[in-house]
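Look for subunit A in each of the two complexes below; its partner is subunit B in the first and subunit C in the second.
What follows is the complex of A and B.
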């Protein structure tokens, strides 16, 4: 027994080694995984690891001009919040603003200057140095200037404001060209024109929703996408719950329920494009029931005579008693506001409709008082952007110039006309007549993909700039945009590019623009504010003022404008107030539905589609993510045998697109709606080849008055195809299925 | 005919012996792992010697770990800081050439962490440095190390021991470190 057999010996050895192996493995498993300690290659000077530094700057995801505070750590931007000092958003921020980080750190940003190598549109570019890029462009521009052909240089940008806008203007003027335009699909052309007609100035006033008792909104999605949604959302909260027991009433009139419609007390639909007629109907009731006692009563009476409730009821599809009731409520609950936007903006009678809506404010005496329309005082520096906005008709003029070889160099910055113009405009075709298309952009969007020369720009989180928010907040403010991180890629700020070009070209350009850095240019420009406006502290020098403005992110003046009294519009003006029936492209028999493309809170006009956080954010009304869809009323769907996910062919006189059906109860049976923003053929991995762009089937209908694109005036027909896909959404079922979620007795009306 | 239980016993004995040998093997294996294959002194991408910098050339700790008295983390110098001297000093040394390669590629040096406390511990260098603690009390004689070796366990009993010994105010309060 004492002898160990060979077999046992092997067993012991085996046991020993297995034990040792297990011991080794156990020891290893208790150790932490290897963590790396990565130093920065060149650390920023003013940072402390582990301690956040906040920079105040401006959000530029849409045109509202909210102030933001960006939290940075170790020189990297980590989180964007609203700047609580800023009167526009007062510390709040929307999803698009939050997603700014996605733009900054987007893997599909253009990382260095590019030169086209292959055919235009083949997406074949080679990287070049900044020197080469600036020399190429500078010499081409310089040659044109020497040959006195500076006017064949065109600059097309998004809705840029403040001193960057002025920089562009000075540059173009020195080039000898007055062809500097803005193209922003979301620009409310009709609203500006209507305000000019009634109030005499082309400016958006301050709509004081805060203190209103009644908000009558004709399609304006002020909680979602209408001009300054974050500010209006705040105001809405105040209107509802901020004044003790006093609670304002909101009525939303629109063919498709928006987020604002869902939050309103009452949602009313009228036939698409007849919002203005309805407003005239309300005006008729107000006049006839003695709601207006101004000295120009007779003229008004005359103007509203054709719009008796019974006539308007027939034209709009709204019942007579609703028209009278709304008019009486509006008169009784003063101060009240009548505002218009959304699809009301997108019809052929948009200007007339918005003028009629403005007239309601005039008749109810809401002008220039709290809870009504307050006129903004003169801004600290003029806002020229409104005048430069090119509407569809003006874009057509540009396109004609391009086709006729009148454009030698087209510079495009922060706007994407290839995506945001209907194909009927033939923008792409017209590019054949342009020898040099230069894109100054952070991303390879559809327009940039066609460019000959691409100069990549900083995102707004890396660049200097400033802004006067539009619409203003009732007193003069201006805000500064400062870089919060070092440039992530080999890009330059648009201001620096323009200044470098000015020096490259020479002549009078460096005289007009002597600066080499945007920061210096801005500082010099702000000296004017410092000198002319009420100083914060008379003893503080400019440097202190500048530092204080940078730290708070916004400068303001405690000054309100004396209330303007509109005692009387001229008789001529009143007589001109007239709303006609809207017209639509396509015969009603062949194309039975009106197509309502709408802006979304995530993609806006399509610019947000390359940001993954926005792609994965469910649409607030439908909960759908990542795709395009066609909203139609369940009744319509039932009649046509369509169920959710059936791929539909949506056909207009201009083209056809395919998207899955989504049954949406809160839409008129005679319209269908589609979100704008998807359907990019370029614009990075997150945007590309996802959904469809309803803009591609829009017929080129324009507004009767100002020639802006009537983007809700296209009729379509829908055909069910064999294909069927599952719509990706976070909602389960939209019905309660007898589960009594709201309870039987808990809902009071 | 005698009756023997030996065979029967044997069937019990053998598995017992096997498991004991297995257990001993396990312990030996574990000890070998934590001693021989210890992670207290990992091989770094560049053979950086603290002895050379601190003892021989008398560079104080805070010259490179600039944030130790200002922020929670002591901070590792940026590559630019290394190059500040090594553009001219010892440029022919193979390890310095490795450094130069990182610098040219504008890449960070992937140092391996030697001292790390779990994420649920709130530790700040600032307080410890400002309290007058020498770096060596926790990190050991780094000035004599060619390769940094962890000498303290950095485990909770070790922390609490010191807090008790030095009678740190609220030093034994949970919230002091776990917040």
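What follows is the complex of A and C.
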């Protein structure tokens, strides 16, 4: 470093933090004139120059609900680490979670409330005051309420849980509307439904990978994007090397190698959408070898009869000997787990497939024991948010209501349906029927860009909230989200906005929601937990309890659920276990490839694309940065004369997009894959006009059973264009070429 | 220069570091590592690594003190992908240290290979000599779009154009732990008291960091693991990171 001038120095510290600079200068100048420079007249108690303060709060980058500790210095957030008290992530944190700072200090955040001035979608907004914004919205809502049209108010949010979810629900109920939905593209609808069919409860249980000896995963990318990746990664590390000589085996079955596939001991591909059939094939082997002797044996026998290994082998493309071997291994190495997710969840037979995968757990007796599936006790407070998740078919109902002018005000919070719904849903078109679209978001995403009124929210690092992680960890826990820094811009927390609106509207709303600050609301809500659940240390008052909870960031209770006996399933349940062939949009002749859009560790469903650290983070499987690409098998590419960087036209019955080809050695020759996340038309400088969004060419195929979007069920054809670009990636040579970089021949432990 | 050569001879003597308090080392268990790259972002956040932008990335000017390399093995369908986090190995006989004309990179008494930014004149010789290719040169002075600069770690220098930089094993954290130990009246830092950002974040606990002079430290014990090996050991650079090979399944 060259000589640092004082000017540079201040620049590094940050122009906004003159206080910090002054504080350091103060240290130097004390010798002469004590009175000259004071950092702050009355500094906050947790602010001392040069010393870091850590705050525990919750990560809200995905739905896993990890606890985080944020390091702050001089009132600025500096680093996010996992909260070591938190049972979900135990001090660890993924790339996305750590990049939360980029969201907080994002230069493209919405800096104050906005009102649309020009045509919708022209991106012409004018800044207004919070008073005006809240009065405008409050009076519109109030008018509807007086006219008894409260039910024409719709609220659509991402995946909020805990008391913020309850706040939304109370608000909407008081408005007289039951149109409160969640829309999260990544929500595992099929898994919930499959669990309801087999276990009788619409839940995600605790998958105890930690103690499993065999993990048979049908597409579930549990180390990358599936449900709670950090927790499962911890468990995976333990399974590999944490148990002495007992190293568990991981098998991954999927058409395109995911991060989990790369780490599995065995990676097997089957035809897209036939994972459930394969599971039934395994069940067939288990039944016929006498591996299951429960009292409902005969019913099971009947259920698996059509799925003999030879039939299943033809349907899935997996060899008979592999089917029998996997079944035998699975039964021999107990406890084991069969889990399904990823593309298995994106097919038209998803619920049936996941039910069949669940059946394997049932048949092998893995329910309710360590290393298998453990059921969670009642959460600390009711988790209603799962029930509010709207799948594609339910979203279509909302869209129909919008088109038919049944929606007077649509409030959208932290979800981006314009980006995450296939165009066939006609969400944008339906907005013409909505007189007032209000966006409650921190960023100018595609949906917010179409809004009439924008009420910018705090990021999760500036706001109060709480959470009950779903899935739980085997015992009830709840965690609190607290502001770690002062708001960076003129934004408000979503809780405060709702409370302010309630007071603005009047009537029974302020009665139902008497609080003016989210913090007070939370405290009052947590008093219930304190009263009902902490008899152990009743001597400490609530304030002490609250402080302790804030300091540790998480509250837990030593309570497990008594084992539920699954002696037999009802005849009815077993009969439901039937997997049909998946169907795809587009004729195989015209559209020879199945398109597999996949969630990435960096952008997830696209929400991470505005964070520069994630844009610059090489994709774990391809090392590509800053763009979109089309993955195809080198053999396919060779046959079609395609090499890396050739821009391909990917065409489905729903549309066409263009992206460069990337030769991916671990993908079936009959499928192509594309990452989801890029292709934003808005969403700030780091995301905008970069790559393509594969959602835009998805056909509106839905699951046969629950009507969720079958996002892996679109066929495409690819055409090479004249254009060619250089894909930006960090990898050079991706073979070791005899160098002992990875060690000599692998050894047995 | 003669003085430097003498010093160097001293460093190379076996047991040189033992008389000092610490000899920091690391192990990375490739059987645990999933290649998720949490460590990469952790490093970027902790050490003020610049956001270089798409254009610079295209020119291969990216700066990632820690990167995850990937190597394919086999062909479809019997194909595997292997990950290996690659960072400065803090070699005890570091090839990057000898050629520097201004001695900007040297071995400190804790056995760390360190870079003195304000001594560096940017000849980039060290980067050429490094067989692990973990030295990164600042071809530009990078800017943070306001207010992203508010995130910058005040404990770590922001580098400017013309300076070479590399992994420091989070020397600021080591420094801090030593200070804490001193404040507590302890002579030594306890095992596990220092965790570089990458080690701290690792979701599978694949990385272990500690003092090799302490035979009871976790890292010393992991060093003895039969799966252990050092990358490009044959160059006799004496790297201080021991990787533990990926194991095969017994099943």
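Here is the rule we use: the second predicted complex is superposed on the first by the 688 of 749 C-alpha atoms of A that agree within 3 Å, B and C clash if a C-alpha of one lies under 4 Å from a C-alpha of the other, contacts with A are read in each partner's own complex, and residues count from 1 in each chain.
Here is the rule we use: a contact is a pair of C-beta atoms (placed from the backbone, for glycine too) under 8 Å apart; a residue touches a chain by one contact, two chains touch by 3 or more.
Nothing here was measured: the structure is a model prediction, and the numbers come from that model.
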Which partner reaches more residues of subunit A (counting touched residues only), subunit B or subunit C: C
Considering only touches as defined above, state whether A:230 meets subunit B (first), subunit C (second), both or neither. second
One more residue to check, A:730. First (subunit B), second (subunit C), both or neither? second
First (subunit B), second (subunit C), both or neither touched by A:613: second
Using the superposition on chain A described above, determine whether A:240 touches subunit B (first), subunit C (second), both, or neither. second
Tell me the contact category for A:293 with respect to subunit B and subunit C: first, second, both or neither. neither
Report, in rising order, the residues of subunit A that make contact with subunit B in one complex and with subunit C in the other. 1, 11-12, 15-17, 20
Over in the complex, which subunit A residues touch subunit C? Could you list them? 1-3, 11-17, 20, 73-74, 76-82, 89, 91-95, 98-99, 101-102, 104-107, 213-214, 223-224, 229-230, 233-234, 236-237, 240-242, 247, 249, 257, 259-260, 262-263, 265-269, 329, 333, 488, 601, 612-618, 620-621, 623, 625-626, 633-635, 665-667, 669, 685, 690, 726, 728, 730-731, 734-736, 739-744, 746-749
Inside the complex, what are the residues of subunit C that reach subunit A? 29-32, 34-38, 40-42, 44-46, 51-52, 54, 57-58, 62, 64, 67-73, 75-77, 79-84, 117-118, 145-154, 157-160, 162-163, 197, 200-206, 226-227, 229, 231-234, 243, 245-251
Partner subunit B, residues of subunit A touching it in the complex: 1, 8, 11-12, 15-28, 31-32, 34-43, 48-51
Subunit A-facing residues of subunit B, complex: 6, 10, 14, 17-19, 21-34, 37, 39, 42, 67, 70-73, 75-81, 102-103, 106-113, 116
